[in-house]
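Labels A, B, C, D, E and F are assigned to the chains in the order they are written; within every chain, residues are numbered from 1.
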Amino acid sequence: MAQQPIEYADASPEVRAVYDDIKQSRNVPDVNNFWKYLARDPATLKRTWESVKEVMGPGAFDPLIKEMIYIAVSVTNGCGYCIASHTAAARKAGMTDAMFGEVMAITGMANETNRLANGYRVPIDAAFEK
Amino acid sequence: MAQQPIEYADASPEVRAVYDDIKQSRNVPDVNNFWKYLARDPATLKRTWESVKEVMGPGAFDPLIKEMIYIAVSVTNGCGYCIASHTAAARKAGMTDAMFGEVMAITGMANETNRLANGYRVPIDAAFEK
Amino acid sequence: MAQQPIEYADASPEVRAVYDDIKQSRNVPDVNNFWKYLARDPATLKRTWESVKEVMGPGAFDPLIKEMIYIAVSVTNGCGYCIASHTAAARKAGMTDAMFGEVMAITGMANETNRLANGYRVPIDAAFEK
Amino acid sequence: MAQQPIEYADASPEVRAVYDDIKQSRNVPDVNNFWKYLARDPATLKRTWESVKEVMGPGAFDPLIKEMIYIAVSVTNGCGYCIASHTAAARKAGMTDAMFGEVMAITGMANETNRLANGYRVPIDAAFEK
Amino acid sequence: MAQQPIEYADASPEVRAVYDDIKQSRNVPDVNNFWKYLARDPATLKRTWESVKEVMGPGAFDPLIKEMIYIAVSVTNGCGYCIASHTAAARKAGMTDAMFGEVMAITGMANETNRLANGYRVPIDAAFEK
Amino acid sequence: MAQQPIEYADASPEVRAVYDDIKQSRNVPDVNNFWKYLARDPATLKRTWESVKEVMGPGAFDPLIKEMIYIAVSVTNGCGYCIASHTAAARKAGMTDAMFGEVMAITGMANETNRLANGYRVPIDAAFEK
């Protein structure tokens, strides 16, 4: 049987505490499916949420840039759920069509040149190590 | 025999024209190994350089952000050359240690949650499609 | 046209012989879609089944552990069919929710630290080679 | 300039606290390069260590099995550092040559069948969802 | 909101020019979804089409062989859309069932041996460099 | 300790039989490192060699085309050993510089468009399924 999500009404106090923190931190009425499925393993739910909150929280880059990087990785890995959820989050954070197009263009190009560098077996330039 | 790089002195006029454009556009005295190895296939050298120049040129994001996205993809794919070259380019464009640490943290976290979403087979939320 | 599966009733004697061996070895009434699609290429069907039977047969680890490793790889690669089929096989072999959660947690963490090691360009410790 | 490791003698109190916990938890005289490089970003060092300690700690599987899963993922991703470090850790935890051979065989086979399932576009069996 | 395709009737002159060139070059009545979605970013649409046209055009290999290589990469990356579209293109170019089976067999085997080489940490033979 | 290769002089009769078959089939004086490392697990050595021999043997494509596909996959996965060994094998089978350049160009382009299709979430055209 495929995994089943855990809704708030059916959640343990431990899981509810995480859901509550997500809802408050993000100012949303409900948590996404990702968290409802992770809730099958409360320890992983808690650890993952705390890590995501820390990593995606205030720092050197604003939230929009952080979501762009998340999208670039998710597109590279071909994670359908992650592409959909982080594209939605980026839109909410102000991503324009031009920005989305630019992230896609860079992600595509990087995936191409990564393979050209692999295939031509290019040695690292001494200048990069200075 | 492993591929060999083509130095400026040994390059055809066609290859030199690309090298000259790279040197002028980037204001550098010589091109990186990546281009010297690609030069074995002048058509790919030209096409790749023109694409990179267009994609990494002026747009919605500044050059530093673009390099960060390039790094995130290269780290996800494990391309050693690309990690070294784009980290060097990002440093040159102003990347601080805090910025580098943040890109690594996001890249690592995205690679983790991409797999959690895969493994728990999380269906896409209807809200993401609105 | 998308590939079509080959059902037992329509299979050649060569394909039936593989189907029969799978059904007998696994004590199941029918083979999974994976084999029905591979049957388009009888040589690959036969070779793949014989390899899987050998690799997943009795050895240093019990079948449940072997399925866990299969799941970890399939989740890393994002193969939807393989995640579903090997999760079902692992459940049948006795995988509990706690075990599934643990495999997911390790798989997620490994995917994260693999990228941190790539990005920070960590050199291999001399101690690992002794 | 490539990243540089931070040795214990040069570490901040914050970083030393993590190093001390790693050394005590694992009963080792020094931490691996991985941690010395991550130490450039003390928040990521701390978060990653705490996550690894939780995920790789006591649970449904013994430490050896956990290392095996880590190896399978690292080999799939081609992370040279991670393969070397987790193979060393697994050896320390009792991995025999036969066990290593078996993990490699399963990892190789899973990577092969993942692609066969992709290429033949195999639909998920209804039975897997029950 | 998920991305939306741009049909010919709604396309800008810039996008129509690319669509027209694709339709003429490939002698087809309409372009595939791939181009209709890329059209959201006219610069990427134009650059990608021109690159694909150059790379997949006349060269050392005939079009069928080129499509086979495209399939092998797409299957390795698990890109569902790309597997479907390039398999359709290869069929059109004359790919037989035997050829498809052979590409799948090689792709599966390469993905397996790539991981065995990673896991056993095999050093490159001196003979390969001569 | 890192894995060690097994030379012919030190090999068991079982391993020697595989080495002999490789040397005879390929008309070479010694086997590559890949086989010497795999020899640590004689069952995997034998199974892998027999599979490779079958898959890379006479079929719908000539040996050179088969090596090209192997290279495309290995470059996509970033397997350094495999890129070196299959490039050497392809050179031996007659690969010209123009052919190598073309395989690299296609492999790079496919890796790029695979990501563009992922990111734009392009649905499969109905026409591909007919």
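One rule holds for everything that comes next: a contact is a pair of C-beta atoms (placed from the backbone, for glycine too) under 8 Å apart; a residue touches a chain by one contact, two chains touch by 3 or more.
Everything numeric in this text was worked out from a predicted model, so none of it was measured.
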Contacts common to subunit C and subunit F (chain labels): A, B, D, E
Residue-number overlap at the subunit A/subunit B interface, same or different (half cut): same
Gap in Å, rounded to a whole number, between the CA centres of subunit C and subunit A: 27
Residues of subunit E engaged with two or more neighbouring chains: 1-2, 40, 43-44, 47-48, 51, 55, 76-80, 84, 98, 101, 103-105, 107-109, 111-116, 118, 120-121, 128-129
Contact footprint of subunit D on subunit A as seen in their complex: 1-2, 43, 47, 51, 54-55, 128-130
Residue ranges of subunit B in contact with subunit C within the complex: 71, 75-76, 78, 80, 83-84, 103-104, 107-109, 111-116, 118-121
Interface residues, subunit E side, partner subunit F - complex: 2-3, 32-34, 37-38, 40, 44, 48, 51-52, 55-56, 59-61, 65-66, 68-70, 72-74, 76-77, 79-82, 84-85, 87-88, 96, 98-99, 101-103, 105-107, 109-118, 120-125, 127-129
Subunit C partner contacts - residues on subunit A that touch it in the complex: 1-2, 40-41, 43-44, 47-48, 77-79
Contact footprint of subunit A on subunit C as seen in their complex: 78, 84, 91, 97-98, 100-101, 104-105, 108
